[in-house]
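Two complexes follow with chain A in common, the first pairing it with chain B and the second with chain C.
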Partner chain A sequence: MNSKKTINTQGCNRLLSLLALLALVPFQLSAESARLPAGPSGQALAFTCAGCHGTDGSSVGPSMPAIAGMDPEVFVDAMKAYRQDERNPSIMNRIAKAYTDEQFEAMGWFFASQRLRLFPQPYDPRLAEQGARLHDDYCEKCHENGGRPGDAGTLAGQWMPYLHFTMEDFISGKRKWPRKMQRKVDAAIEEAGGDAIPALVNYYGSQQ
Partner chain B sequence: MPRRMATAGVVCLLATLLGAMIVPAALATTQPLGGTTEPDEGLMIDNFDPETGKRIIPNERCLTCHGDEQQKTDVRDDGSPVTIFVHSKQIENSVHGSQQCTSCHVTIDRVPHRKAPAVVVGCVECHRETWEQHKDDPDGEYARLAVVNEQIDSYMQSIHAQPNALDQSHTNATCYDCHDGHNVGELGSIQRSEFRLKNPQVCGRCHEEALDEYRTSDHGKAVLEEGDSEAAVCSDCHSTHEIAPTETDKAQLAITQHCGDCHQEAQRTYFDSYHGQVHRLGYTEAAKCHDCHGGHLVKSEDDPTSEIHANNRLENCRNCHENANKNFLSFWPHGDANDPENYPDLWAFKVFMETLIFAVMGFFWIHVLLWLYREVMDRRQGKGFNEDLSKPDLVYYRRFPAVWRWIHFLFAVATMTLILTGTTLLFSHTAWAKAVVDFLGGIRMEAIIHRTAAVIWLSIFILHLVLAIRNIRRNRATFEWFGSTSLLPNWKDLQDLKDMFKWFLGFGPRPQFNHWTYWQKFDYWAPFWGAMVIGLSGLVLFMPGITSLVLPGWSFNIANLVHAEEALLAAIFLNSVHFFNVHFRPERFPMSTAIFTGVIPIDEFKHDHRLEYDRLVENGELEKHLVQRPSRRASLAASFITTVLIMAGLALLTLVLIGLVTAPS
Partner chain C sequence: MTPLNRRTFIQAAGGGAALATLGFPSLVLGAARRVVVVGGGVGGCTAAKYLRKLAPDIAVTLIESKPAYTSCFMSNEVLSGDRTLQSLTFGYDGLRGYGVEVIEDSVVGIDPERKRVQTAGGSRFDYDACIVSPGVGFKWDAIEGYDEQIANQSIPHAWYAGPQTQLLRNQIESMPEGGHVIIVAPPNPFKCPPGPYERASQIALYCKHHKPRAKITILDAKDAFSKQGLYIEGWTKLYGYGTDDSMIQWVSAAQGGAIEGLDASTRTLVGLVEDFQGDVVNIIPPQKANAIAFAADLVDGDWCPVDKRTFESTRHQHIYVLGDASSASKMPKSAYAANSQAKVAAAAIAARFQGKEPGDPTFVNTCYSIVGEDFGISVAAVYSLDAETNSIEPIPGSGGVSPANASPEIRKREVSYAHSWFKNVINDMMK
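Let's turn to the complex of A and B:
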């Protein structure tokens, strides 16, 4: 019940955000075009992402990763991987093929200039506490500051369903492990068993 | 109804649009669109340089992994372990404490590392550029970089900077292979003294065998077991940066030179020996410190495993002197003629030789000066022997037959050659000595030239003896051993000497002389004595393998000293006193060519050898000694040869004096 209500609220917010963006488009475009006459700005390019990833990249969809405040090089790496079919896609491989490296970079810089908005999501406090310990032991060195936006991506406050799907992709082999990550995840699973991934996901989801 | 509905619809749509434009804008500026924003810790783009767009990686980010004392190792992608820990406090306290990690680790552009990182660090450019920027700074904060850049230049010339033979993509060693890049201390810091003590282990990472040997040496024990930072570490001998392969002359010369940085006395006495003289000329043919003492194995002579221990010494000598016998053992490799306590014999010989030199030179230079004074005075008063221009010389007296003229010429040339080649060793500290040896083709070629000249020189000496004895035998019926034509000194010579000094001082007339004056006799007997001393000592040194069969090893020390001192006396005497007596005194200036033409004008003969002239006139023998004036061509040739020899002699005298004046104390 509580969960439904949250989703409805999120839907309203998303609608309002879209309308707000529509209202601002003409002004923003004219300002950008004065500076960068060669092509659409990163922000303009990023508008097309908003439908799924939320306004300015702060996603409101539970399975859709937030990309606001994302490391621009991590962003470009991901987009290139999609474009080259090297990363397990949903539809991103099709979308990514439409953009050049420069456009990726422009979008990356735009999202890096945004501050991530976190939305409350339900989590299990016991698992979150266990996840915090696992994170400190196995994840913190790469995903520092509890997994907040950094040079290894964004985990803290990320939508839990998305995190869960992603970890399943890694573990099932659909997505290539980043260097050293498998070793660390294996170690965490060895320590906490089947609770390891849910614990970590709940820990990240608990950071709201 | 439909119309109202349509109107209402339009109104609603407009109202919706207006609301849609106003409300979100108002919300956007006053509060977030739901949710909460990240804490205000800056934006992601703040982690990038706005100018270059490059990522800024703070040291703290690196130290997250590399500064974790709980996990000092990691595993590589291939599973092998690797130490990743760096001591952040050490870095902070080092000269590079204010640097960013990525200032040196320039290839690190992503953290966590997306690919296995390689240590790609170039120290040179940064140090050079920084020095260029700050070398004129008045505060001198970067003054030390001058030394650093000198060391870089030296390193660039070293074997370490050469491409590795097995992998040309790498140098043999680079800065951080030796320097602990994260722990370079300032001058006088604890890091530096610790770094010095670690030097053998640092070098030993690559030079394992050398380290194993070094551990057993006196140096190694002092450093590695006792922690004595005063004892020699690798870089003290091999130099720090300008390191050459040990088989090269450059390295061997440098190492031997560096031994003297600590062992000054040993080096001083070594340089006085033939071994050391050759080394100081820049050649490695003769024994160097490490040849006798062992390089990395250097130990005291009391140690039975030492190469200089009494039991091992002969074997040691045989490394070079293959036929060395037991007599070699009594050679004093560091014999010090200035040390009467330990080397009384050597000291005694030196005192004798130096007394001889000072006495002879002192006496004859006074003789020269007084003679010069008297002749100048006489000539100012119109006295003395002057050429009568109205009556050119037509009649000459034959003073030297051809054989003596040839003997003198060859003897002079051989002597000068010997002086030139010999004094390069004696004055091996001078630049001219090095240049001469280099010009002659190296120390081995010089040795050949010296020995060849010595053979010619001794042969002439022996030939002259044979001829002299034959002449005496032929004339034995009439020859008077102490007569007017004999070169043997007699009482009249002593009287002439006294009378000359009276004349010098204006207390008497110039004495009248026989066929040979006392100074001419001295000019003869001094080289005669010299030939004996130099010749005999030279033979000892010439053939050490043979002479050591009958002579003790220390005779080489004596021979070396005597040979050098007597040669020095001869070189100075001949090229100063002899030249003055024969060529430079005002009556003869600029030269006498008599020894090459064989004749002197009859008037000059009459003036210099009046008693002989009168005797010949009285006996009616003068006529048979008289000859015509030499041809113009013969005179010119004689003048030319004399000029060349005089100039060569003066040049040699100059070189010898330079050597004496600049000799290390």
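Let's turn to the complex of A and C:
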């Protein structure tokens, strides 16, 4: 369990984080199987997601987010929010209602242990440069390392159409803002106007 | 051999890669096991890829008669002109990259005693497990006067994407300005339940821009259809459905939509109540499991009964039947369903080769339909096994179709989800 502490306190690099997560997986799974009656494994559950989110969670479809390498707590929170209709209804709210908390956790651990494969996508270099500055000023504090996978989700290299949908939902009030985020986004928009969101999205999309 | 527990195996194998690709430790205990996959569609390809992912020591041979796969899903967009057939066609090199041996040949028989597959090309392939995913075949005797030759030449079914899809597209493009397109929709169960209605929608999308006085009539063997409320909402909004001027008409079985015969020379359909004549006629015939399932004695009636935990045939041991040809209780005959079933079968086979009991299965179906510009709709379901009744049942309280009267933004997003869904299904099955 020390390894998990290392991630939180020292923010070690991605490879080490991944290995640390992996070390936890066998414990997690064995605890899981001891506690639960028979049921599908985390792997079996996660395999059913691939038709929309790509094999092992690396999506090749620009409107579907990559979920490989995702922080397991972020995954579980997202699935719970969909299950409770707290996010703009997509197909996910209908799907999430089929699963228990334990199944969300099992899927979350599976995806956390997958290597995120990123695919090139077109972006506007001028906007990406502007977005990099906005990110440093307003976003980096929570979305560390340029928005690489962490406890505030995966932004770096994420599909841009998906990021646009997400920001539309926050701004139109269809998705609850995490703590402090609304203030930060408002400030970014005050600084860069209508370019702020496209700039940030292009910045994240530029990290390939 | 010293037994390895899961943890030490993962450490020994170097961590990440092992867990990511194997899932379970796969120990070589003698000669390599061989799986022969019959059919290079969604079920067969997905099973082949996942077998190699789960257990790289299993030798996998996939036998398919065509050199490349052309997807039926999204092929209705060829009819509107939004997409080419080429954009739906994919070679098998991706599977070869996973170490799957892909053979271009067609299977003519399976001997369950000798565990051997026989091909038209004269080759024999021995197997430890055989996966059969042949898709649907057609009941050619159901509509008098309609046969395979007519389908190829003048009145396409286009229910497999390929030359008939292009023929139908060409016929729609060259029909008169105020032309009449007839789609004959089949009785349940059939491949892609929302497909005939998306087809009518995509033809209407083309006609709206290029032949605004054209009419499309769906003659149905049923009184209800998949995503019906959402289609009617879309047709009403986009194509004047419900008005005298509607571009699309739906004639249910009760209204005389059931068709018994065809006069191909005049493109006239013989109904129980009245006849219908079209400038372009598309007949989607009633369906059953494809021919090899019958030749291999895997059917009971029209479809192949299976143990729902593994998709192993209940008629012959060591043969697993996936996708449209299988009898899968509440799951529709869809690409996503075949993809989901294939992973369950692959995991079961990999487990059995290791002397383990297959785990509990879980299944998902998702399906998008594009009704028109910026108007996408979907259906989703998550299923579990009811082992006592050998039945796959939707999990109560989950799944369902897109909300009625959703905002234009949601409908527009579902179009982009549909296109991303397509890319990910193709990727997951064969890339």
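For the reader, a short list of remarks on this structure follows.
Here is the rule we use: the second predicted complex is superposed on the first by the 171 of 208 C-alpha atoms of A that agree within 3 Å, B and C clash if a C-alpha of one lies under 4 Å from a C-alpha of the other, contacts with A are read in each partner's own complex, and residues count from 1 in each chain.
To be clear about the criterion, a contact is a pair of C-beta atoms (placed from the backbone, for glycine too) under 8 Å apart; a residue touches a chain by one contact, two chains touch by 3 or more.
Computed from a prediction, not measured in an experiment: that's the story for all the values here.
Contacts of A:73 after superposition: chain B is touched, whereas chain C is not reached. In the overlay built on the shared chain, the residue A:99 is in contact with chain C alone; chain B does not reach it. When the two complexes are overlaid on their common chain A, residue A:90 makes contact with chain C while staying clear of chain B. By the touch criterion defined above, A:138 lies against neither chain B nor chain C after alignment on the C-alpha atoms of chain A. By the touch criterion defined above, A:123 reaches neither chain B nor chain C.
Once chain A of one complex is fitted onto chain A of the other, the partner contacts of A:152 are limited to chain B, with no touch recorded for chain C. Within the superposed three-chain model, A:178 lies in touch with chain B and out of touch with chain C [touch as defined at top]. Look at A:203: by the touch rule set out above, it reaches neither chain B nor chain C.
Touch criterion met: A:45 reaches chain C, while chain B stays clear of it. Chain A residues in contact with chain B (one complex) as well as with chain C (other complex) are 19, 22, 55, 60, 113-115. Chain A contributes residues 18-19, 22, 25-26, 29-30, 38-41, 43-45, 47-56, 59-64, 88-91, 94-99, 113-115, 161, 165, 168 to its touches with chain C in the complex. Chain contact summary for the complex, chain A toward chain B: residues 9-10, 13, 16-17, 19-20, 22-24, 55, 58, 60, 69-73, 77, 109, 111-120, 140-142, 144, 148-149, 151-152, 157, 178-180, 183, 208. Of all the residues in chain C, the ones that touch chain A in their complex are 6-7, 10, 15-16, 19-20, 23, 50, 335-336, 339-340, 343-344, 347, 359-364, 366, 378, 380, 382, 384, 395, 397-400, 402-403, 406, 409-410, 413, 416-417, 419-425, 427-428, 431. Note for the complex: chain B touches chain A at residues 20-21, 23-25, 27-28, 32-38, 43-45, 47-48, 55, 61, 64-65, 68, 75, 77, 110-116.
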